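Each of the two complexes below includes chain A, the first together with chain B, the second together with chain C.
Moving on, here comes the complex of A and B:
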């Protein structure tokens, strides 16, 4: 693809802290290379702000290679911007043209309060994991991988569910701010592996109970989450979560 | 499923929506099938016969109680979900391109349901109340036509009532058609959504369920929409 430079107008959500009201502020950046990543463009803008003595824009990022799930940005009305199955750090400036205006907002959900600017607090996800997104085993030497045969189909499905990076795009994009895709990925992953069996029932009941406590909305099956998930987590996992919940709910003595 | 989980957890509430929704979908098949008998254009003979059967059969009348219970559960739970979901995002996005990832009607189930509810109140007032309680003050004119004699048995003449409500009343016809259109969009999403809620999501069967949902929604709603039109345009007399 041909390389080009562009000048852009950016409208970025600035918010001091969780208590204050935020607003969109307008910035200009010049000579942005089409080869840059979206976050590199933000680095350029932030250096510009620092040189001018202004407060740089706070945003989350870590790996910058699409695996940590930190880079939460709602760009031009879509979680992680215009490309599908993609994180913000892997969005490149060739997605935009010279003269474009780009609007960048934080994830918006009652369960993800804004910390500052584009940074949000996703610890509600951590608490859901703490409620059941684990297996209890004795640590020690790794056991031989072949001592525990797993059906190929189950291994593949569990692996696809395990691809979830906990980014929260599913919540950010859902009209209802529902966390069902995230929770379903974790439940579906462990429910299909032998290691997940001992805690199978309590896991799904406890994780859903924690999800409900965290102010996420209720799923209405719009499937927007699947369309915007950077890892292409399928809504068939949500159907599996519903099945797991029903059968655990029917047999539980909790 | 403990009762507490069924009524208070997010997934339990969804099960109620799906269970009651599927029940309503089944009811609509029967309702639409019987009403479609007006198209025989026999002065309502067949239609009134079956209408009378539905109104007098003990099993059907018992199921009617269940229908009301389920409808109320669907409405109460639907409105509760809608209001909870609205509160889950107190600060809205300035720019939101929802069309990129979902259909507008899947995001508007609460709104469409409320439109159906408004229509339903009018609809029950027109047909259900007079057929069960022998007319209401506001629609006195029905009295003269409310009884017809069939096989030496007096039956409620719902056909004449439909004629009266729709024949010279463009506004009512339009309101009914709008109500049915809302129902159509609600079902286009709701039919397949109910299966997903019950955990049915399968490579082979889900496309069939989705196809059946579209056929069901369009056929049922088209037939319902044609009924007021048929009286208004004198296709049936």
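Moving on, here comes the complex of A and C:
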């Protein structure tokens, strides 16, 4: 792979806090290596701003290896930028070329208020999990792990749904700000496992109720969430969620 | 100050049972009145907070991330060990115990390790019950793989995302308790000091990282589950936010720091590519199950890896360690890579890399796979195609991650890897009950020093974090809190809270008022370079002495010339980072001091002065069979206390993987 350096123009959303209005500000960065990660390019810019006496750009990030789900940038109109199956932190500068202008904005959703610049508040996701995204098993109550064989297919499907990192790209990219992909991934994971059966109905009803309460929008099957999900969570989970919801609703209406 | 490891008397395999049978209990009505603070929500913290909440304690949990689900345990890839012996390959609690003590190069406390091995099976059961989707065989039973330093298959895994799945399991248990009201969660909060009242830990000062406000929180006990301090090296596989601050504050309030120089340098990470690099990425040890590590036999080789014929490749791990081959423990594998690169056989542009090659694994799996289908007339292309599919199922996400970072396809070309800082075996000294030398202050998971000696075996960090949180602290904390039932919650108007808060606030103001020229990041990088060069994979007396002097100078420079932009009462990641880097600088000095004091080599601590003729680490049991427990006495001033290590069961021998 050939390496190269580039000069870039960045248009970045600046917003002091939740109360203030924000706007796009323009910055220049020079000699950015194609081997850098996108966030390392932000590090370079921030160092530049600090030295110049300006306020560096606030953005969420932590593991920088695509798994913690904390990074969350809307880059050139796409959640997590131009690569598919990818998080912002794993995006590398070889995706861009010399002279490019890159526009970076925070996740946009009523349910994810901006805290500062590119940082948003995603605690609504935690509250959805609190509503039922678990199996009620206290520590020490478990039987031997192999006493409960699980069809490999079910286990694999549950795993694929469980791969969700809770980053919120699905919401950010959805025209309706729907959280259906996030919610369905957890519902589908647990509904496909025998351990998840006892709370199967209450789980889906409670999680969906909480999702509605948090101001997420409805799903209109655009499939944009699946396209932008860094972990490739399938929209088939949403179909499953709908089935689970329907049958839970029917069986609880006595 | 008390310094007693409190190891129960009796036979090794009876100690924990005996302890549990005689430990003090707290009745349910009293549990409701007792408050516990848990700092950190990784595997240790989330499992502890959830379990204690379930038991009925009033818990407050803190994390600096925006959600407890993002703690860095999430990034653990390869797996978690347990002595289930599901593979019928001769595993047992004793074997896991033995391997862990040996793997730690006889610098761990036997009783703690035995307990860890004993509870390992219950962890797997608990996680499966929570819905953690471990890998399974076609029969529906759990699958296992091998990890370094063992000859059995005892590692449970969920592709290359085991840490994520285990953490999400613990996180879901935690969120359930939050919903039930037993745990109060404080995200985007950072603990900045411990509050001491009558020589007991009675709470913390935490900073709300969004508003910048300092908050006072009371707890009858405080649990630090705040992870390791690998970021003292600047470049490591740790998350950007991982830090030592909570543990360091505890240390300065009287908690001894155990074996600070014991650092794990993981052999298989993606090499550094340039000065701008902010972190390093691990390629799971599980890859060594199937990948073969080699360098060219010829120095300064110019050909591409795929063009170098078999006979011109040096599979140096297989050559040097035929019994364990590519699955030698991490410290051994890392040093062997360094040795080859130092000798001039390294590959890639920096020459600081070796190859990790899957060609043979792809062929082997391809043949097996096609054989299963009864396909006898098979072409090489078909074999490779089928083999790639198997490798993808096992390690797909890791291969993808490698390609994203390097732009190279590891199915076609061997990976380039090099050792990187990954884990710290050292940490706050704790007794058998996980209590530090400060009463009421506990340390769990990577934040403590206890179970891995001088080198941690792969897939044992997840095991320890969850063991401490799910199965150890629920018992041992009760033993302390049983005597606290007459202590009503102390209001945070108590002067000790105000005093500690003022000290924290003064320090923040001091930092902000330096208004110097150099960025926090630049200091962190310089510290990291000193540590990596002089307290990294190989250490010697001269280098360590130089490092101490350089760190002291760096500290002065930091406190007179650091530049922190922004305000105190607003989001200010630079300010957060400045406090952490200031603590790392102090820790760095102690690590070098510890490394200097320990004149032997053991596990990940390699003193060049102490090696065998063929370059292996040479322990000195006569003089160094102890835990170094450092006591803070003031600026750049520590007293060394020694906890002697006695080996009743696993008799120390020269570790050999040959």
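The working rule: the second predicted complex is superposed on the first by the 248 of 254 C-alpha atoms of A that agree within 3 Å, B and C clash if a C-alpha of one lies under 4 Å from a C-alpha of the other, contacts with A are read in each partner's own complex, and residues count from 1 in each chain.
Everything that follows uses one rule, which is that contacts are C-beta pairs under 8 Å (C-beta built on N, C-alpha and C of every residue); 3 or more make two chains touch, one makes a residue touch a chain.
In this text the structure is predicted, and so the values were computed from the model without any measurement.
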First (chain B), second (chain C), both or neither touched by A:70: second
Touching partner for A:197 - first (chain B), second (chain C), both, neither: neither
Partner, of chain C and chain B, that touches more residues belonging to chain A: C
Touching partner for A:26 - first (chain B), second (chain C), both, neither: neither
Chain B versus chain C as contact partner of A:7, first or second or both or neither: neither
Which superposed partner A:115 touches (first chain B, second chain C, both, neither): second
Touched partner set for A:152, first chain B, second chain C, both or neither: second
Partner chain(s) touched by A:101 [first = chain B, second = chain C, both, neither]: neither
First (chain B), second (chain C), both or neither touched by A:220: first
Chain A positions touched by chain B in one structure and by chain C in the second: none
Complex interface listing, chain A residues touching chain B: 13, 22, 24, 74, 76-78, 103, 105, 108-111, 173, 175-178, 205, 208-209, 211-212, 215-224, 227-228, 235-236, 238-243, 245-246, 249-250, 252
Chain B residues touching chain A - in the complex, by the definition given at the top: 1-2, 5-6, 9-15, 81, 84-85, 87-98, 100-103, 106-107, 109, 189, 192-193, 196-201
Residues of chain A that touch chain C when the two form their complex: 1, 17, 33, 35-37, 39-40, 43-44, 47, 49-51, 53-56, 58, 60-70, 83, 85-86, 90, 92, 94, 115-116, 119, 121-123, 125-126, 129-131, 133-146, 148-152, 155-156, 158-159, 162-163, 165-166, 189-190, 193, 195-196
Partner chain A, residues of chain C touching it in the complex: 47, 50-51, 54, 65-72, 74-75, 84, 86, 122, 124-142, 158-159, 161, 163-165, 168, 171-173, 175-176, 178-179, 185, 187, 210, 237, 239-241, 273-274, 276-279, 281-282, 400-401, 404-408, 470-471, 474, 517, 519, 521-522, 563, 565-566, 570-571, 573-574
